[in-house]
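Should a chain be cited, it is by its letter among A, B, C and D, assigned in written order, with residues numbered from 1 in that chain.
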Amino acid sequence: MIKKTVLLLPFVLLLFAFLPAKKKKVIFFGDSITQQGARPGGYITRITDLCKKEGLSEQFDFIGKGVGGNKVYDLFLRFQPDVLDQKPDIVLVYVGINDVWHKTSSGTGTDFDKFGKFYDAIISTLKRQGIQPVVCTPSVIGERNDFTNQQDGDLNLYAKWIREYAAQNNVPLVDLRRIFLEYLQKNNPDNAEKGILTVDRVHLNEKGNQLVAEEMWKVIKTLK
Amino acid sequence: MIKKTVLLLPFVLLLFAFLPAKKKKVIFFGDSITQQGARPGGYITRITDLCKKEGLSEQFDFIGKGVGGNKVYDLFLRFQPDVLDQKPDIVLVYVGINDVWHKTSSGTGTDFDKFGKFYDAIISTLKRQGIQPVVCTPSVIGERNDFTNQQDGDLNLYAKWIREYAAQNNVPLVDLRRIFLEYLQKNNPDNAEKGILTVDRVHLNEKGNQLVAEEMWKVIKTLK
Amino acid sequence: MIKKTVLLLPFVLLLFAFLPAKKKKVIFFGDSITQQGARPGGYITRITDLCKKEGLSEQFDFIGKGVGGNKVYDLFLRFQPDVLDQKPDIVLVYVGINDVWHKTSSGTGTDFDKFGKFYDAIISTLKRQGIQPVVCTPSVIGERNDFTNQQDGDLNLYAKWIREYAAQNNVPLVDLRRIFLEYLQKNNPDNAEKGILTVDRVHLNEKGNQLVAEEMWKVIKTLK
Amino acid sequence: MIKKTVLLLPFVLLLFAFLPAKKKKVIFFGDSITQQGARPGGYITRITDLCKKEGLSEQFDFIGKGVGGNKVYDLFLRFQPDVLDQKPDIVLVYVGINDVWHKTSSGTGTDFDKFGKFYDAIISTLKRQGIQPVVCTPSVIGERNDFTNQQDGDLNLYAKWIREYAAQNNVPLVDLRRIFLEYLQKNNPDNAEKGILTVDRVHLNEKGNQLVAEEMWKVIKTLK
């Protein structure tokens, strides 16, 4: 009996080798940019393509959970059903633009200190539940590169907080704001307010979606 | 044996009658109006006095948990330490003014639909934990009685939602907004924007504190 | 010689009777509601029809000078070219909605006291130049009839100021806000926020355009 | 006869040399910073001192016309009585902070394009009347030097417009925003939001008043 089992062992191991490892479930948690990211051409679709191209499709599942107009406390309010109940392995949080923008567009932006409290409530809960968070700084509202976009100061402030929070809490960071600003310094010679990485100062065009996809993918694939 | 016990019964009952019943712990959960309410002359202090006058001091403990500038999501963020951890029996929630006011004073008011979600999260949790909630409509921002205060429409909207929520969820209501508007119809002949029930259009003067105290006390004492 | 002239007099008078009287030039000075008012079905087009129906087409020329997004100070900035240079006889000023609305939609509403100053600068100049002004109160932002539209308080305040200004300065008034509110009390049983007189809470549908046309026409035809 | 006149000429010239030249009347036209500038220790008072120290007191009269809370259209509304009727020779316009700030502090900031229109109306009128304008960019709302003050983007935008306007219209410029930012880069090592040049993020402390005084005086004295 023993011998037979021993003889069979290589085949059993071989069998496991062909069995797919459990895929990592990656949730993108955010606002309208993420909602559009799940469309054809969107950044989540492009990450799926990048993953496939590198032969890692068996290792990741990508799921978009973006809702237009969302601020950090909207994420908080739908955190349980949209994220925790989905049992993800990795969650990328990409939020902050509406928290700043709504201050003037509807009078309902998010106070700076409350932004941090809700943000931390989300990230801390993920960590406590053994889910890997990845945080992103808010990209842009307006693409002018001479620091004259109305919300530049506030976006810098909220982005700076996220950077410091990520460092202090050892959370992987995709520093989209820094990446966008550097890109726009080089690629926006006419100081246009849109049309470089966005279609409308905020929502991503093809280049914007590709840039976000590449930068996020760089971080995600280190987490396998 | 039985006879003896029966004879003792009146004495035992008498004993219980003198034993203090456990006092009900009442928390007032709100913004700067509630913060000031705990001061001498404030509405919480006046409720304590009303309670004493009616000989019910042994039945209630009143505790103010108001913080200046608070909106509904600020209450939510400090709900655990400031309310639940205190093991109250009754919680009066008096919030909504800053949710509306901050729309123009800092660009960080609370969206109408999110107001309801955070509000419900607080009240539902209280009920689930066997704590008696009491809700209050937001009083006033400006005392003019001809419907020309800037935030009248929004305050009416948020107050209406609280009224309907209270009715649907069988939660006792202190309808401060209605009470204030009726008072101002009768007692503000010059259509002044402050000085009748408030010192500054929002924060309560002596009459305002007394009115709130009386109206809240009417409801609280039915909950013993 | 004298006799001949006397004989000719009836013919001369007859001649004048057939000569068209100089038409009164009426300018509608306002925002997007007025801009749309000049379209087919718009309130200015409907006033032209009402005028024709009453056989008064030879007496009035109607000209729309509405620009989307305009506040009172936008009217002021284009007052010279768009109004004074056109040499009108009558000018209807219909403004105020954006002055209130932009407070939360872009953070650039008009302070109440400055609204009055620019308004008065326009009306006073018209009067000094012998042009007949007609003023209108701002209609609605939201059609709910239970006083819960966000801007109700502010619209009431600005409308009240216009009413008092008109009375004090003896300027004909079309009190659109009062007229709309009365109409909505009767004709909005479901408390809808749009669809009764507006398509989108602000801009007029057919019924709204017709109501404005009728109410303005009532006043205009008294000015011939 | 000729000889006598020639002999007298030096005395006549000497006479004129002792006659006081008509003083240049300099008006500072602005908001609360300018209102406070006229106080002891304020920037206007300091300019008066600088002028005296350089022995030029006989050449300039300095008059403050600052009003708290003023935006560009407030300057416009009191332009005639406060500036033109005073028959000044030189007018420094220092405005723009409230135009940006009020967007979030009261919902009544000034649209960017309207800012330019009212600004130009003021400067053009001064030039047409032979009065020398001097323009200033708005200094700061918050002194953090890492571009995280909420209004940094908007202040940069409005300041940039003023710079370009000054260049295109050949108007002397005191570029306070650039001067403040350079100062804060060097002198705010802790990235404090106030206390370097301001007492409260906006209004000038001693150093701020001195800096503004020196920079303005440099320009003013070239205009004698």
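The rule is short, and it goes like this: a contact is a pair of C-beta atoms (placed from the backbone, for glycine too) under 8 Å apart; a residue touches a chain by one contact, two chains touch by 3 or more.
Keep in mind it's a predicted model, so treat the numbers as computed, not measured.
Should one ask which of A-C and A-B has more C-beta pairs in contact, the pair is A-B. Mostly identical positions are employed by chain B and chain C in their mutual contact, as over half of the interface residue numbers are shared between these two copies. Averaged C-alpha coordinates put the centre of chain A at 41 Å from the centre of chain B.
The mean-CA centres of chain B and chain C are about 47 angstrom from one another, to the nearest whole unit. In this assembly, the C-alpha centroid of chain A lies 52 Å from the C-alpha centroid of chain C. Within chain A, contacts with two or more other chains are made by residues 103-104, 106-107.
Within the complex formed with chain A, the residues of chain B that make contact are 73-74, 77, 102-104, 106-111, 114, 117-118.
On chain D, the positions that touch chain B within their shared complex are 103-107. Only residues 103-104, 107, 142, 146-154, 156-157, 160 of chain C touch chain B when the two sit together in their complex.
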